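These are the structures in question, set out in turn.
Each of the next two complexes has chain A plus one other chain: chain B in the first, chain C in the second.
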Partner chain A sequence: MSKPRVATASLAGCFGCHMSILDIDDRILQLIELVEFDKSPIDDYKGFTQRCAIGLIEGGCCNAENVHVLQDFRKNCDILIALGECAICGGIPAMRNTIPLRECLAEAYLDGPTVHNPSRRIPDDPEIPRLLNRVYPCHEVVKMDYYLQGCPPPADAIWAALTALLTNRPIQLPYELLKYD
Partner chain B sequence: MATETAERKPTAKRIVIEPVTRVEGHGKVTILLDEQERVRQARLHIVEFRGFERYIRGRPYWEAPVLVQRLCGICPVSHHLAAAKAMDQVVGVDTLPPTAEKMRRLMHYGQMLQSHALHFFHLVSPDLLFGFDADPAIRNIVGVARKFPDLAVQGVMLRKYGQEIIKATAGKKIHGTGAIPGGINKNLSIAERDGFLKDLDQILAWSRGALKIARDYTMEHLKDLADFGSFESNHLSLIRADGAMDLYHGGLRAVGARGGKIFDHVDYRNYLDYIAEEVKPWSYMKFPFIKSLGPEKGWYRVGPLARLNTADFIDTPEAEAARKEFMALTKGKPNNVTMAYHWARMIELLHAAEKIRDLLHDADLQGTELRARGERRPVGIGLIEAPRGTLFHHYEVDENDQIARCNLIVSTTNNNTPMNRAVEKVAHDYLEGVQITEGLLNRIEVAIRAYDPCLSCATHAMGRMPLEVEIVGADGAVRARGGKGLYV
Partner chain C sequence: MSESFTLTIDGVEVTAQPGQSILQAADAAGVYIPRLCAHPELEAFGACRVCTVKVNGRPQAACTTPATKGMIVENDTPELNEHRRSLIEMLFVEGNHFCMFCERSGNCELQALAYRLGIDAPRHDYQYPARTLDGSHPEVFIDRNRCILCGRCVRASRDVDGKHVFDFVGRGKGKRIWIDAESRLADTPLEGEDKAVEVCPVGAILRKGAAYAAPIGRRLYDHDPIGADIEAKRVGAPAAKGGKS
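Then we have the complex of A and B:
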């Protein structure tokens, strides 16, 4: 029997949740015996090659491309896990939701103290994806199956959840592994 | 590049590598070839935007060190400390108690160690060990773990040691809370110290080994690498008052491609007089430059290569010996070889390990004076040498203790123009008039990876390349499309 496949994505996140996956340290060598990695920025398949058992999603959706990637993951993965606060509730990037997008762009590209922008044009080239009006948590875009709290969730929590799912056991997370900071 | 808008010329062939990066966000490369298959435009676009500078307004100043690190979970410590250094000024503190400064330095060297190890072992070693054209299915860290298990374990354990130091100094491996305005919130216990001392010799030995791999690789391939994605540039970093490399604090020094000083020992609180950032419509990442030279000539490189090029010496013996050997290659003048970043990075890895050793033997880490106080000031500007280069944090705080203004220039942004130059150079040298293969496209990413812009930027194509080649008409309509999901 072939090994189950795991895919990961970083949407509007800081990559800290991916770093926390790597913080399982030497257990990563056990993990690569248990699973095959598919599309992931860590060992980076740039597209899905096969159907995956588990998709881990870091970050919410702040632009059209994030939405596209998330939908692609829903289509290709049996189980989707929202990894960390950004995926669960938008996190720090969602702080922009209380402010008109125009003001955020103006601060970055027109009014900042180091800005040099004689044409006063805000980046708008067709090559860069369109920003959404606000940052959306994953479950507002597609159905999510599990949520792992923390910013980021501790490596031990990620390990416990993954090994439980891969061996068909219920996920048991002791209190210390649930961090809300 | 003649024009800054996306060209849509008839029969121009457009090549996209996506996703290529996640540089505090996400990036892609586009290359346009004309009818003669010449490169007419090659660009690295940064495609994500956060708006942090605006939405942090109104937050209390003491939140900044914990909030702002959520910009980047790859080197959160750098943001944590740069913000803390700015907030030291806001609470009126110019000199920290020795325990506080040394705890922060220990945290920072731990960060250097973990970040440089991650980049070299997990991300770059596959290119070096298997070659740029190797089968993408093995050209990744899993492939390294299967073929060179000892090396993979060393990489994992070096990174772990750095992360454990961060945990002991900041409270958490990722997004800690150790640094506070005016100081630090804990010291290092004897038990913690002894735990680190126990593994130290092994860490030093592995660091020497990593340096040797990077050095030997560069020397063996020097002929091919010298020109690979290379170009002359200015270099910028912080520098200690006596000219030593200092990753935590110093004045700004910029040197030209041949070594002439552009400015030196500049108090970084005056950075606005020296640095500006150009906005271009095709990227959310701005393009910094030295004001006196203007946007055309003033762009510069930061990070390990730039730091080696700006420093007069390194104050730890083994890294200094390595620096001398490195600089001898260019007779003491700046080294402008893009691929020399890897060697420079490993010299810094060993330097970080040596610094950690020296700090662990310093009794100040067990001191109990953790914090200083002073008169509130309205502005704080904190700079630090992050693993990827100089990082700028600038805050203005109003009388209600709320942040009124914020300006950040993150390390990778400083390397924006250089990364684009590297992409352009490799595209010209390898993609013109030939059958485009995955290996050739990987070369574009190899050049970007040298700058260690961020994790997924530095990652690898496996199996299927999401390579898209489009022939686009003048009206923007796609006339022909091929190669999507091309297997190569």
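Then we have the complex of A and C:
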């Protein structure tokens, strides 16, 4: 029997949650016995090669590309896990959600005290993904199946959740592993 | 002194003194009823409804309802905990609670209740309201992004500090905690040692220069759920553990 496949993505996140995946230390050896990694920054696969059992999503959606990737994950994964605060509630990037996008861009590219931008142009190359009006938590864009809290989630929580899912047990985190920071 | 009497909470007989609320009687007996706006040093207020229990089958706020003889109280039931979970979830989405950089994280009563009730994510959409922060005061700041309108600061400032620095303005969704000055916290008589500063259950009113004093792993609710101290007073009680019930 072929191993179940796991894919991961970092959307509007800082890669801290991916660091926390690596933080399972030598259990990563057990993990690669249990699963095969598909599309993921860990193996640098840019696209899905096969249908995946589990998709781990770090970060919320701050631009059109994030939305596209997240929808692609939903299409290709049986189970999607929102990994960490940014995926669950937008996190630090969502601090801009109380400020109109136009004002954010003006501060960053026109009016900020350290800005040097003689052309007075806000970057608009078609290659650059369009920013959304605000940052969206993953579950406001597609259906998410599970949520792992933390900034980042503790490696032990990621390990507990993955091994539970892979062995058909319910995810039950002990008190100490449910943390919002 | 008048006579003590008994009532039952979740089938356990509890002794109460005249004048005690259900919450106070439960605390004294080592039974934890979740609460947010109630504070042992302040008058009951009944704002958050997290302490809602069923008294003889009817929902009542445990912090404002006097204990009476023979009352049958339900507290730790799946139905009531589900209501509490909903209330906590709504508080999370109605404000901007970014736990990852909040100085109160690990010592926050709102967060601790979410941990105890096993909330892995709110079921409602986040509202991201635009709220203001006032850092003008040399010793204290107020960040309204995190205010849950519990009214503890209002009561503490008025009844303990004798100053009335804080009060509510607006109604419904627009309700805010406000200060006794035209514009700045620095223009109020507030001082860093005031009770009003100490009692905020979240990171809305904080003393400056005291941030992140305890490292992760040594904060109030890192290992033991909120309420564990009360439950430890119960005779023959097993150690409390959080999680869904």
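In the analysis below, the second predicted complex is superposed on the first by the 181 of 181 C-alpha atoms of A that agree within 3 Å, B and C clash if a C-alpha of one lies under 4 Å from a C-alpha of the other, contacts with A are read in each partner's own complex, and residues count from 1 in each chain.
Convention: contacts are C-beta pairs under 8 Å (C-beta built on N, C-alpha and C of every residue); 3 or more make two chains touch, one makes a residue touch a chain.
None of these values were measured; they are calculated from a predicted model.
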Once the structures are superposed on A, label A:149 by its partner contacts, choosing first (chain B), second (chain C), both or neither. second
For A:104, is the partner it touches chain B (first), chain C (second), both, or none of the two (neither)? first
Check whether A:64 is in contact with chain B, with chain C, with both or with neither, and answer first, second, both or neither. neither
Partner, of chain C and chain B, that touches more residues belonging to chain A: B
State whether A:82 touches chain B only (first), chain C only (second), both chains, or neither. second
On the A-aligned overlay, A:92 touches which partner chain: chain B = first, chain C = second, or both, or neither? both
Considering only touches as defined above, state whether A:140 meets chain B (first), chain C (second), both or neither. second
Taking the superposition as given, does A:28 touch the first partner, chain B, the second, chain C, both, or neither? first
Shared chain A surface residues [contacts with chain B and with chain C]: 91-92, 95, 98-99, 151, 181
Give every residue of chain B touching chain A within the complex, in rising order. 5-6, 18-19, 22, 24, 26, 28, 30, 43, 45-51, 53-56, 67, 69-74, 76, 118, 122, 140-142, 145, 149, 152-153, 156-157, 159-160, 163, 172-175, 272, 275-284, 286, 288-289, 295, 394, 405, 407, 409, 454-456, 459-466, 476, 485
Using the touch definition up top, name the residues of chain C that touch chain A in the complex. 96, 98-102, 105-106, 111, 114-115, 118, 120-122, 125-126, 128-131, 216, 222-223, 225, 241-243
Okay, in this complex, where on chain A does chain B touch? 10, 12-20, 22-23, 25-26, 28-29, 32, 37, 41-47, 49, 62-63, 65, 91-93, 95-96, 98-99, 101, 103-109, 112-117, 121-129, 131, 151-152, 155, 181
Residues of chain A touching chain C in their complex? 82, 85, 88-92, 94-95, 97-99, 134, 137, 139-140, 146-149, 151, 172, 174-176, 178-181
